Every structure is written in structure tokens, then in C-alpha cells.
Amino acid sequence: MNAAELAGQVLVLLGAAVFVVAALGLRRFRDPYMRISAVATAGGLGVACVTVGAVLLDPSVASAAKVAVAVVLQLLTSAVGGIAIARAAVGSGHRFAPGTDTRALDAPDSPDGEE
Amino acid sequence: MILRALTLPIRAVVFLLWFAGQVVLSSAAVLADVLVSGRRSTPRVVRLDLADAGDHHVTALGVLVTLTPGTLVLGVVEQPGGTRSVLVHSMYHRDETTAVADLRDLDDRLVRGLTLGGRP
Amino acid sequence: MSDHLLPLLVAVPLLGAGVVLLLRARPAWVVATTLALLVADVAAGVALVAATRGGDVLAHQVGGWPGGIAIPVVVDAFAALMLTVAGVLTLACTAFAVASGTGRLPLFGPLVLVLLAGVNGALVTGDLFNLFVFVEVMLLPSYGLLVLARRRRGTERSVVGSRLYVAFNLFVSTVFLAGVALVYGTAGTVNLAELAGAAAESSTVAAAAGLCLAALSMKAAVVPVHGWLARTYPTTSPAVTALFSGLHTKVAVYAIYRVYAVVFDGDQRWLWIGLVLFTATMVVGVLGAAGEGRMRAILAFHMVSQIGYILLGVALFTHAGLTAGIFYLLHHMVVKASLFLSAGAVEERYGTDALDDLAGRVRREPVLAAAFGVAALSLAGLPPFSGFVAKLTLILAAVRADQLVVVALALVVSLVTLLSMLKIWGKVFAPTLTGAVGRADDPGGPATADGDGGGGVATLTATSTRRARTALAAPAVALAGVTVVLGLGAQGLLGLTATAADGLLDTSGYVEAVLP
Amino acid sequence: MILALTVGLLVAGAVHLLLQRDALRVVLGFVLLGHGVNLLLFSAGGVGRRGEPLGQGPDPAVTADPLPQAFVLTAIVIAFAITIYLLVLAVTGTARDVAGPDDDGSPT
Amino acid sequence: MSLVALVAGAWALVAVTPALARLIGPRAGWVVAAGLTALAVALVQLRTSAGDVTESVAWIPAVDVALRLRLDGLGFLFAMLVLLVGAVVMVYSTGYVRSPRPVGFFVLMTAFAAAMLTLVLADDLVVLFVAWELTTLCSYLLILVSGPTAGPPATRTLLVTALGGLALLGAVALVVVRTGTTELTAALASPVWGDDPAFAGAVAVLVVLAAMTKSAQLPFHAWLPDAMVAPAPVSAYLHAAAMVKAGIYLLLVLAPAASASPLWSGTLVVVGVTTAVMGAVFALQRTDLKELLAYSTVSQLGLLVAVIGVGTPGALLAACVHVVAHALFKSAAFMTVGVVEKRTGTRDLRELHGLARAMPWTAAMLVLAVVSMAGVAPALGFVSKELVLDAFVTAEQGAVLGWGAVAVVTVGAALTVAYSLRMVVTTLPGLAPTPPVRRADPAMTAAITVTALGGLAVGLVPGTLDALVAPAAAVVGGIDVDQVPYLTLWHGVTPALLLSVAAVLGGVGLTLVRRRVDALLVGRRLFPADGTAVVQRVVDGIIAGGRRVGDLTRSDVPATHLAVPVLLVGASTLGLTRLWSGLPDVGPVTVGEIALLVGVAAGVVGVVRARQRLTAVIATGVAGFGVVLWFVVLGASDVAMTQLLVEILTVVVMVLVLRRMSGTFRPVRARRQVVTAVVALAAGAAATVATVTLTGHRPLSGAGEFYLRRAEDLTGGTNVVNTILVDFRALDTLGELVVLAVGAVAITALLDARRAVDRRSVPLARTPLVPAAPNAVFLGVLDRYLVPLMIVGSVLLLLRGHDAPGGGFIAALLGAAALVLAYLSAATDEVPRVERPYLSIAGWGVVVAVGTGLLGLAEGSFLRPLHLDVLGLKVTTALVFDVGVYLAVLGVLLAAVVRLGLSPASDRRADARRARTARDAAAPATRTPAEQSGAPR
Amino acid sequence: MIVIDIAVAGLAVAFLVAAWRVVAGPTPADRVVAADLLTFSLIGLVALVGTRLARAGTFDLVIVATLVAFLAAVSLARALTGGHR
């Protein structure tokens, strides 16, 4: 077993762990926002770990290049997707878990809710 | 200026490594929470003012904040003057001040690590 | 015609569809191009009939790949006849659509040309999966045609009908695809020629191909899966109903004949299933028709009934039966379209197709009355029209096959057919003969707006001019003329359908043309 | 065997949805039905061989039958077009019939 | 003149009638009469020139049907009746018809004559049937056009007679098939009749049924009186020579063969005798002269049917003579009644009086007709009735039936005398009617005179008829003309004469006590059911039953129409158990596969149980993702990629649709849930059984192996699936791209014809995050980089599809995703970048693909890919073909996004206008936007 | 390869938990988040299974997935607000 393969195995397992944690978060967190937080992280980091790990297990230049592109894309898109869901949740009136400090959302300059 | 261009790759790598470390650290908090109950967080929404930050800057910050376990960008608020802030949902900061400070730190490092000429 | 030009039957209408879609800002060009292509299609059909009347089978491997690998297009007498009649119908219905306004909508031309391409493709393909594809190529434009109406003039009914139509057809197509999958799973090919006789030899192939036939039967509206047709056909514009009546179920019927002849090699073991189902179709359809109160609803149920008649030919699977069935099929395509078109002409003029609303209002339409009367009598199988020859030959074939119960039911059904045709004719058209009947004080304006008989139907001011009325009536009259010609000159067509039947009884010509 | 069960599962779900009155459910039923039939097509090619039919000189002994794959590609795309049309159709008409008739069958 | 020319001449006469009637009005009757007379003359010449004349013209050789004509004694008799009575009626019509352009009337009457002529001259079973049906049609139309109330009776007439027509068709089919010929003479001569009693019996029953309907025998008699709404000339012709006589002719012509069956004779006698008596009783009940005459016809035809049933040479001669007698007196009677009605305005016995004074000549003629009808010497009716009675007396039918029949016939004859007398005893005497009678029309009078006097003249010298009726009787009886007895007025005192006298006495007696008879009969229902009502009830029953049949499927909900096929297909899977040949060889069951099954199951269960639409959509995606993984596992990268892209893009479109729907499904009743669940599980089980039984049991298919081994040399591509798509089976792909392109057109057509329902309005929470513009920043930045990247990726996928996963569809789906991103990332619903001319794009897709395919013709085949060298680069036209695919995909997706997602300017303007009008009209506030977009009320 | 199997198991768990959350909700946003995790799990699974089975198109599929999967997330987010951007 070479270093790349070892690294690959570690990364793959790490990535899987991130997913499991995200799944736990999805299961246990109390409101959509916490869940989004967990999922967006997993989407970025978990996918990155898993794909990089996978390519290390069966390395090739072409695959590596593809994975590099894919990881960057994934980090960007998963985060932006998460933000979009979060804002939509706020806009559609999803409640925060009790105890959440949401004063920042009660800004007095809130304009009228038209597009 | 040229110097900054030359050092950009190094600064970027340093920043990314730092960020990776941050991610690992924050993960610990999340992990500790979800493995036990998922009810240990102290969630809050904080506002981080970004002054005259450009679109790329706002986006980068949003992405990084969101990728960090425990924090999540909820959206952008634009003041009448054109200055923007992001609203961030934070789960594991003790209080608003720490949260804003952490986010401010991230923002500063982001600017230092990934730009040619400071805040664009 | 050289064999390698056969794919043009599909390619030319498709290219035309693309072009007229690009030309849609110039409606006159669209109409002219569409009609020109339809005329060319009919001409090609006639040429193919001439080329195949001696029993020859034309085949071409699309793309020039080896036989068994390429998708073959095959034209024998049966296919050539179907191509011709389908072309004639499309032309007639398009002419009617242009006269009634629907055909002047910019999207009508592209849709109808793609429909034609799909029909042609489905008729000539020698590959089951490709048949699935071409059926879809027929269906998609049909979905568009179903709702086609002037801006914001579509009706609620047409949308609801569309939902049912699309859902049902999608379901049936999926079942058919599953059948194709199972045929491939059992026989390892979807090439009809390679499948020749496979279902007769292997019961697993028979089961798989049976699913294909089941799907085709549903598409053909065989009882007990007939209700969709009766519900959806009346919901669109009259021109489109007429078009569909001539094409869709008929392609399914054609495919049933083809698949049973080639893949099952006319296996006698399963014919009883067909006899039972198709006889039931005959009976249920005609009863349904008798119960309806709108022209197009009556006609739609009649389609169901007639499908039963047509399919009896394949269920007998004798030379006489197949000859009669194919003759019936072609005759029915013409007559049914003629009926829908004359009913449609009335509907366009008076704004409704409800018998009670129309009673006594359709006066001074002797031409339409005659056209409808002729076609109705033909439908009921009365001499001297083509329907009589169709019924006679079919009944002779059934008697020869000792299916006397079927004969008895077929005869009773034709009586009820007559009854329901009289219902329309007597209420809507008949009083025009004397001119003495009918309320002279009735202005003949549109009936209650709630009639909502179908998409885009409205009394067009244009139809009140004499020329427009002639244009509206002409297609129905022309097709009614065809049924007279086919009745008195039945020999010509019967000779051709006999050749077509030969090709179904002995498929070796078909197979050799595809797999030389 | 498991593939066959998957086919059955998808078909069961699809049929359940197709027998509902709601237009969206019917569309989703068709989506599932399409999946089921696509897997059936694969099954028809024989799923004992699973090598990708790519690259030079694929070994027919272990490579998947490419023909069902081509069939499925075609079927997916056709179903895609029709699904989109069905979706549009589902929201055309009046608000009343978009909501679907009542379960007791009162007419639209 | 040949027979064919004769028949053609008759139809030519029909063809010129419209012009004639239009030009010279009712006087056209003279021309037609002349024409018919000329034909009769020609017929006489043909008849005298030689023996039987036979001619044939091919019609439908495929089924051995020819226009075979034959002139024998029977045909001659009936043809003469048809032509001469027709001529007389035509002359009568010139006076009767008042309409200035009576096109319909004359055409139909002439056609009636032509059809009858064809019928009686036909020597082909099919031609005979055709002519039979033509007479049916003519009578229907003649009745129909006669007046505003004629519709229902005409329909009933047609239905009853068409029923007989169908019986005849059945008989014809049986005879043709069993005897192997359609030639009537040959078929009748076949030995099959004697050899196969079942066949002969079946034909006999069918023929009798046909004749019963046409000749108005009980219980099919109702239509004839019903048809009395027709004008007098029509009735005269219908009753005397045309319609009803067709049934008699049919019995006569088939008698030689069908009498081989024992059923024939018995049935005919029983039916005929019953009808004769009941018809006479009915006639006695009527006060309307026309109705009386109609029932008289029923009765007389019954007599004819019965005597044909007796079947002896004497009986058949009697039948032939009575046909002539009946033709004469019945036409005279009807025409007279027509005159009476025209001139007095009524035809009710109770109102008519003084006709002898008012119109002495006509009254005299009426008396002559009535005398003949009553069978009183010296009219022809007497001669024929004597023959009939004699036939019964001398029949060898066994004592009971024979003498019983004689007795009943005699009673019938007495009743006939009674109703005949009844026609004159009250109408002729007395004062002339008060309203001034109209002037008599010479033509009408002449017509009546000819027939009435004809009956008298022939009765006085019956030998003149020998030449006409004896050959006919010979044909029917299958004997020589010499063996047919001669006709005489006086046979001496025979049993028949005694019976005749008894009948007359009885009739006179009944007339004397007619008040008491009337009290007994008039207005009373003698038959369990009124025939007309029965027919009407049957018709109504069929219609009601039909409505119920329609109700079974009267639903627009797809579920109703899908349940049946699902059940049928599912149930038929049970048959697969017989084909079980063990589990297929698909390798061992792995945990991975089970996990896939569980994943798909999660999705399926999720969508099935979903209460919210959003849940259902996402759960469907779960199942879809499971399927994508299946594709990866099964070695189908292209398919997996396509499925994934389709899955995502479908979700995008679904969301565009979701926002126009309510958020949750309507609750479904528990019982319905259970039923659908059971059906669904059965269907699923069926699918699994079918998959296991019918797949996986064979080695790699020949085609599959061919592709794997040969694809690269033949096409140059190493992505075998893609080579199938763009090379080997490009026709499939062409169809598929057309489906996509037309999808765009169909969506456009739909949303042009009818607006989509408006979006559901979701109130937004009042937060600082509401403004869209500042929040578009993230997607906006992404859009700047990803859209170009997607387009580049898309082009790469397109270019390399032949050798690696990719190709037109995948590329296009990615390109479409770029457009979707552009749409999603915009800050408003107006997205100029997306607002592309999707129809043109779709159109170009088709044009490019087909155009490329046509280039292949240069290499010998449509869609044959060409390999070109462009600047040293090897290019295949398959790539250009893929561009067409690409454009088509873009077209359909753009259509959906633009039409559902964007708010085009025109819509916004329309919405604004609608809102204004709604406000201006001060419409109630309850009116929702959705309703406004609904159907115009 | 056992490592990949373990990782696949981990991702499969995430997939199933996400599927459960889609059905369980309770809020629409929860379902949308779950959908997001579903797509991420799918991408990971494709990478792992593809590598495990040595599929040539594995990373092409991954790239395409990363490019388009978030379109579903954004779309579904729009579904929450009834289409408001």
C-alpha cells in the first residue's frame, strides 16, 4: 500500500464520517437552519474528501484534474445552495429553534416584501 | 503590488490551511453536539457588516462561512448607502460579540490571503 | 422508387416540419408548404401501392448497416395502402382545418407534418423499438394538436381531455416499451424479420410479444380499455378529431395485424382471445354510441365499435378474414374522417355538436346532409358504399371460419350502428331534404355558449360566406365520394388488400426483403 | 433478482400513484414507471455482464449489452419531454381542476 | 336491348330525374312514367325473344360478386308489376304533388322503381341483397321527407326492415359460403340444400325473418301502418308493387331451395295465416282509410306468405295471381283515398259521406277496387282468392293443420269482406260533403281508372294473365309451364267456391252488425303490445342501455381508465407461472444491490405516502438517484449521466409547476388507499415475476455482440452506446429529438391556447432578507463562472461523445442546465438571457438533424454518417447530427422555463389590464385571479 | 476495497437518513435540506461505487453532478417561497 492509497483510504473514511455526522445533524438538530448548516458543510467537505480519496485509490492524471475541478465546484455550489435554502427558509417564515437570538433579523429597515 | 502578486499563492495556501484547521476545530463542536443530543448549541443570528465589499468578496465570505461547520450565511442585507452586511446563523459561539469577532477574523484573513491589494 | 428513398417518407415531412416551424411568422407559407408536402406524400403512397401491388416487398436498411443491425424500413402492399390512405386523410383534415381556422394557426403545420412523419415511420418500420419511437413521434404532435386553439381560446374541456389523453397514451406506450424489453429479453432481438415466427415457437417470446399486443390493443381502444377514446376524442377541435380518428388507433390496428402475422405467424392458438375481445368491442362500442347525445361523442364510440370489426379480420386469420379486415380498416379510416368532418363543419357553423341544440337548425345544408348520410350509411354497412363491401367480406370470412355467433353479433351491431347514425342524421340533417321543415324564424346563430364541445370551436364569421362554407364541406364530401367509389369499385381495392393479406399469411417475402 | 425486485417496487409505486386523482401524483407515477421499465430494459439485456461498453475491444464475455443502454437513453429522453409536457398540462386549466376533483369523485 | 342496359336505363332515369324535377316540376312524373313504360316494353321484347335471359357484368370478382341478371318467368312478372304500377303511380303523382320542385320525391320514387327492378332481375345473391337494402333506404327516405312528424316512423320503419336486411345478409352469407357461389340460380341448384338440413333450416329461418319484416308479417307488422304518414303515391307504390312485394318475391325465389327444410312450410303457414286474420281484424278496427288499407295489406300479405308456405303448384300459382290482383286493387284503393283526402280534407270513415255524389267516377273506381279486395266476382281478386282457398283445401298438410288453416283463412276472408265493405257502405251514400270539393285532376283519375278497371278486366278474362303468371309459378314450383293450371273465372262448384260464398256471407253479416262490431273492436287493444310501441321501446332501451355503457367510462380522471389495463396486465401474469424455468443467472445477491433496493424503496415509499407535494417531488428524486446508482453498477455511464441530468432538470421544472399548485395533496379516503395499494402490490409482483421469467435466460444477443465487436471499425467510435445512438440506430435518435422539439411546440400550443393557472401567493416573512437584488450576489458570481464552464463542458461532451461518455443529449442537458442557472441566478423573473426563440431553436434542431441525415443519401442511405476530412481533422456527420439533438433538447427546456418561469411583457400587460377591468366592473372581491383566467363564461 | 465498502455504507446511511427526513419533515425547509444531502450523498456514492467498479466515466459523472446538483437545491429553495427570488 503506497502513500497515495493510504491517504485515499483515510480521506474516503473521513469523508464518509463527515456524511455520517451530517446525517446525525439532520436527524438531531432542532431547526432547519442548524440542519442546513450541517448539510452544507458535509456537501462541501464530505464530497471533497470522498472524491479526492477515491481518485487517490485509483490515481490518474485525468481523474485528478477532473476531481480538482469537481472539488472546487462542489465547495462553491454546495455552500451557495445552502445559503439559498437558508434564505428561502427565512423568507417563508420557518421558525428558529426556541432560544435562538434572532434580533439581527428584526432590523427596523426591513422593506416591504415585494420582489 | 508585484510582491503581493508573487506571494499570493503562498498566502492563499496558508489561508486555506488555516481554514482547514478552523473547519476541523469547529467540527469538534458539532461532533460533540450531534453525538450526544444535538441540543447543546446556542444558536443566534448575527450581522457582519462588509462595508464596500465587492461581489466576489461577499461570495467568497459567504461560501467560507457556510462551509465552516456551525455557521451558515442566511443572506445579504443592503443598506440605503449601498453598503452590505451578511446575516450569519451561528450555533456554537458563546455570544454575539465572539461570533462577530470570529467572522471578522475570517474576513480579514480572507482579504489578506486571497487578494492583491487588500480590500478591493 | 428506389428502396433507399423509403426513409424519405419520414425525412421529408420532418424536414418540412422544421422548416415551417421556422417560417411560422408567415402563415400563408406554412399552409402552402404543408399542403404541398401532404400532396407529395399522397403521391408517394400511390407510387408505393403501384410498386407493391404484385406482392413485392420493398425494404431498406437505414444507414446502410447490415440486416439485423440496421433499423429496416419495409413497405409491402399493406403498408403502402395504409400510407396512402393516411396521407389522403391528413390532406383532407388539413384542408378542413385550414377552412375552419385551426389550420391557419402557425403551429398547426409543423405539428401535422410531424404527426404524418410519425405515422409514416410507424407504418414502415420493421423494428419494434423503432415502432415505439415513432408512436411517440405521432403522439407528441398530437398532444399539441389536441389543445391547439386561437390565443386564449382553448377550453377547459380540451385541457381536461388532454390530461387524460396524454396520461393514457403515456401509460400505454410504457407498457409497450416493457413488452419490447421483454421481447428483447426472450428473443434477443427487436427486429421484426428476425422475430418472424418466434412467438409461435417459444412461449416466452409469445408472452413478451403478447404484452406488446396488449398495449397496442389498448391504443386501439379495444374493450375493456376503450373509455379513454370516447372521452378524449370529442374534446378537441373537429379537424383534429377527424385527423386522430383516421390515424392513431389505425396505426395501432395496423401494428396488431403486422405483429401477429410476423411474430406469431398467425398462431391459431390465441385467436379465440381476439375473437372474444373484438366482438365485445364491437358490441360495447355501438351501445355506447347509441347512448350519447353529441355528434362527436357518438362518432367516437362508433370508432370503438368499428375497431372491433376491423380486428376481427386478424382474429380470424384466414385469407378472407385478413383481406376483409384490411379493407374494413381502409374504408373505416375514410368514412370515419368524413363523418367527423361533416359533423365538424356543422359544429364550426353552429357552435355546438349537441343533437338537442342542433335539432332543426341545420337547414339548407343539403351537401353536408348528403355527405353525412352517405358516410353514415357506409359506416352502418349499407350498400352500395364501401362499408357494405367491408361488412359483406368480413361476414363471409367469419361464416367460412364457422364463427356464427360472431356473425350474428356483427349483424346486430350494424343495426344498432344504423340506429345511432339515424339519431344524428334524423335530428341534425334530415329535415333539410324537404326544406319544408325547420323553423324559419330561427336565426341559426351559435347555441348556448356553454356547449363547450371542444377546443377552439366557435362560429367563425368567415364561415358564413358561401366560399368558406364550401371549403368547410369539401373535405367531407370528397371523402364521402371516396366511399362511394370504393363501394362500387371495390374490386380494385379488394385486389390490393388480398395482396396485403397474402403478405401477412406468408411472411417469407417480408423476412427475405429485410434479411436477404 | 434484486434488480427484478427493484423493477417490481418501482412499478408498484408507480401504479399506486397512477391510480390517484391528483395530476402531480400521476406525473410522479409516470416517472417511477419509467424508471421501472428502464431497469427492465437493462434486465432484458442480461445483467450478468456489467462491463462498460467503452474503449477499444470490449470483451463480449463480461461487457454489458450496449443495445438496452441505447434503448434506455432514448426512452429516458422521450419520457423527459413528455413529463415536462404533462407538468405544464397539470397547471393549465382552472385553479379548480388543477387542485383535482374531490376524492368522492365530484366532477371537475 | 340487353338486361344490363335495361337496369342501367332505370338507374339513368334516376340520374336525370333531379334535373327534370327542377326544370318542369311535377310534370316530371310524365317523363318518368314514359320511361318506365318504355322499359316495360323493352322487357316484353326481351322476354318474347328467347327463353330465360342471363347476363353478367363483373363487379367484385374477389368475392365472386357480379352484376348477374336473369330474366325468367318470376322476374318478368314482378318486373312488369314494378314498372307498370310505377308508371301509373308516376302519372298519378303529376296531379298529386303540389311542390314546384319536387326533386326529392321523384328521385326517390324512381330510385325505388330502379331498385325493385334490380332486385327482381338479380341473379346474384349479393346484388339481390344490395337491391333489397336500396329499397329499404328508399322507403325510409320517402317516409322521412313526407312531413315534419315523419322522423320517428321513418326511423322505426328503417330499423325493422334493416333487421330483416341483416337476416337476409346472414342468409346470403351462409348460402354463398356453403354453396360456393354467389350466383343465385347456381346456389339454388346446389345439392347442399337437401344434404344439410341444418343449413337449409338456418337459411329458411333467416329468409323468412327477412321476408316477415319487409312484408310486415306479425309481429313485425307495425312499421307498415306507421309509414302511413307518407303521401298517397308513396303508399300506393309501397303497398302495391315495391317494398312489401320484395319480401314476397324473396320467398318465391328461394322457395325451390329453402322448402327443402321442414321449417319452411310450417313457419310460413303459421305466420301467414295468423297475420292474415289479425291484419284483417286490425283493419276492421280502423276508421282512418289509409290505416285500414295498410292493415289490409298486412292481412293480404299474410295470405300470400301462407299460400307460398303451402307450396303446391296450385298454391304457387295462387300466390302469383294474388300478387297481381293485390297490386291492382291496392294501388287503386290508395290512390283513390289520396284523391278523397285531397278533395275533402279527411280520410276518416266517420266523417266521410256522399262521395258517390261528390265524385261519382272516383267512387265507382273505389267500389271496383273494394270488390276485388273483398274477393267478389268478377274481379281479379275473386279469381286469386278462389285459387288460394283451393290451394289450402287441396294441400297435403295433414288434417288438422290443413283444415285448421282452411278454416282460419276463411274467417280471414270473411273479415276481409267486412272491412272492404266498411270502406264504402258509409262513405258513398248521403249528401255531398259541405266544403266545396276541389276539381278532379285528370291524371289522377286516369291512374285510378287504369288500375281499378284493370282488375275488373283481367278478372273477367283471367286467361290474359296466363302468359304472365304461369311461367312465374312454374319457376317457383320447379315445374314446366304446361303443368301449371289455367286461370278461369268459374271453376264450377268447388269447396273453394263454397268457402268463398261463406266468407262473403260472413263479411256481409259483419257489415250489417257493424255498430256492434265497432263497439267491440274500435279503440281496443287486441294484441298484447302495440307494435310501434314495442319498436320504440326497444330503441329507447338500447339508448338507455347505451347510456349506461357510456357511464362505465364517463370520467376524465386517468385512474378510471388506467385501473382496468393495470389489472388485466397484472392478472395475465399469472399465466407466466407455466413458463417458469428457474431464476435467471445474474450473479449472486450482494449487499450493495440490497442497499440500492432499499434506497429506491425509500424513495417509492416516500412519494407514495407524501402528503405534501414538495415531499413527493423530492422523494421521487430519491428513487431516481437510486436508479442512477443502479445504472452505474450495471455499467452504463452514459445512461447514469443522462438520468442524473434529467432528474435535476425535471426537479427544476416541477418547482416551476409546484408554485402554481396547492402545497398539499387532498386527503384520499382510506378505502381508496387500500384498494390502490392492493392493486399496486399485485402489479409490482407481476412486474417482478415477468422480469424474472422473461429476462436473463439467454446469452448475449447477436446484435449486442455485433456492436461490441464491430462498432469501432464500422464507425470509428469507441463509446459503443453512442455509436448505436448516432450511427447504427440513428433513426431512433432522430425520432427522439423530434419528440423533444415537438415537446417545445406542444407546450407553446398549450400555453398559447390557455394560460397556466396563476401562481399561489405565498406571503413572505417581513425580514431584511426579502429584497432579491442584493441576495442575487452569490448565484450571480457563480453564474459568471459556471455558465461558461457548463457551456465549455457541454461542448466537450458533445465532441467526445463518440468515444467517451457524452454525446448530444448529455451535452444538451448540461447546456440546458447552464440556461437554468442563468434563469435561477437572475434577480427578477425577467431574464433576457433565457428569453430565447425556443421554437426556432427546436426547428433548427430538426432541420439540422434531418439535413445531416439526408447528406447520407450521397453514400447510399438516409442517416448514413459521412466521414469528412476538414483541415486534417477527421469529422463525422454524426457529430452534426448530435448538434441537432442538442438544439432540440434546448428547445423543449427553454420552452418550459420561459413559458412557466418568466413573466413575459405581454402577460404582465394582460394581467394589468385584467386587474383594471375587474376593478372597473366592481366585481365582487371573492373573484380570484385563477377564476379570472378560467374559461369565458 | 473494504475501506470503500465501509465508506459506501456510511454514505448509504446518510442517504437513507436524508430520505427519512424528506418524508418526516416536519417543515418544507427540512425536506429541502434533506434533498440537498441526498444529492451530496449521491455524488459521493457515484465517486465511490464508480471507483470500486472501475467505471471509466466516474469522475465525469461527478463533475457533471457538482455542476448541476445545486440547481435542484436552488430550485427547491424557490419552492419554499412560492417562486419569490
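Per-chain residue numbering starts at 1, and chain names A, B, C, D, E and F are given in the order in which the chains are listed.
Keep this in mind: contacts are C-beta pairs under 8 Å (C-beta built on N, C-alpha and C of every residue); 3 or more make two chains touch, one makes a residue touch a chain.
Values in this document were obtained by computation on a predicted structure and should not be read as measured data.
*Asks:* Per the definition at the top, count C-beta pairs in contact and tell me whether D-E or C-D has more.
*Replies:* Between the two chain pairs, D-E has more contacting C-beta pairs.
*Asks:* If you average the CA atoms of chain E and of chain F, how far apart do the two points sit, in angstrom?
*Replies:* Result: the chain centres lie 58 Å from each other.
*Asks:* Cα centroid separation between chain C and chain E, in whole Å?
*Replies:* 15
*Asks:* Rounded to a whole Å, what is the gap between the Cα centroids of chain B and chain F?
*Replies:* Taking the mean C-alpha position of each chain, the two centres sit 25 Å apart.
*Asks:* Counting in whole Å, what is the centre-to-centre distance of chain C and chain F, each centre being its mean C-alpha position?
*Replies:* So the centre of chain C lies 47 Å away from the centre of chain F.
*Asks:* Among the residues of chain F, pick out those that touch two or more other chains and give their numbers.
*Replies:* In chain F, 8-9, 18, 20, 28, 32, 34, 39, 50, 53, 55-58, 60, 63, 67, 69, 74, 76, 78, 81-82, 84-85 touch at least two other chains.
*Asks:* Can you pull out the residues of chain C that are in contact with at least two other chains?
*Replies:* Within chain C, the residues that touch at least two other chains are 129, 133, 136, 140, 143, 147, 156, 159-160, 162-163, 167, 171, 178, 181-182, 184-185.
*Asks:* For chain D, write out the residues touching at least two other chains, lowest number first.
*Replies:* As it turns out, chain D has residues touching two or more other chains at 18, 26, 40, 43-45, 50, 52, 54-55, 67, 74, 78, 81-82, 85, 89-90, 92-94, 108.
*Asks:* Give every touching pair of chains, nothing left out.
*Replies:* The set of touching chain pairs is A-B, A-E, A-F, B-E, C-D, C-E, D-E, D-F, E-F.
*Asks:* Where on chain E does chain F make contact in their complex?
*Replies:* 592, 595, 598-599, 602-603, 605-606, 609-610, 612, 614-615, 617-619, 621-622, 625, 628-629, 632-633, 635, 637-638, 640-641, 644-645, 647-649, 651-652, 655-656, 658-659, 663, 759-762, 764, 772, 775-776, 779, 786, 789-790, 793, 804-806, 810, 814, 817, 820-821, 824, 826-829
*Asks:* Quick check on the complex: what are the chain D residues that touch chain F?
*Replies:* It comes out as residues 50, 52, 54-55.
*Asks:* Inside the complex, what are the residues of chain C that reach chain D?
*Replies:* Spelled out, the residues of chain C in touch with chain D are 129, 132-133, 136, 139-140, 143, 147, 156, 159-160, 162-163, 166-167, 170-171, 174, 177-178, 180-182, 184-185.
*Asks:* Show me the residue ranges of chain A that touch chain F in the complex, using the header's touch definition.
*Replies:* So the residues of chain A in touch with chain F come to 9, 12-13, 15-17, 19-20, 22-24, 26-27, 32, 35-36, 39-40, 42-43, 46-47, 50-51, 53-55, 57-58, 62-63, 66-67, 69-70, 73-74, 77-78, 80-82, 84-85, 87-89, 91-92, 94-95, 115.
*Asks:* Within the complex, which stretch of chain E touches chain A?
*Replies:* 762-772, 775, 778-779, 782, 786, 789, 828-829
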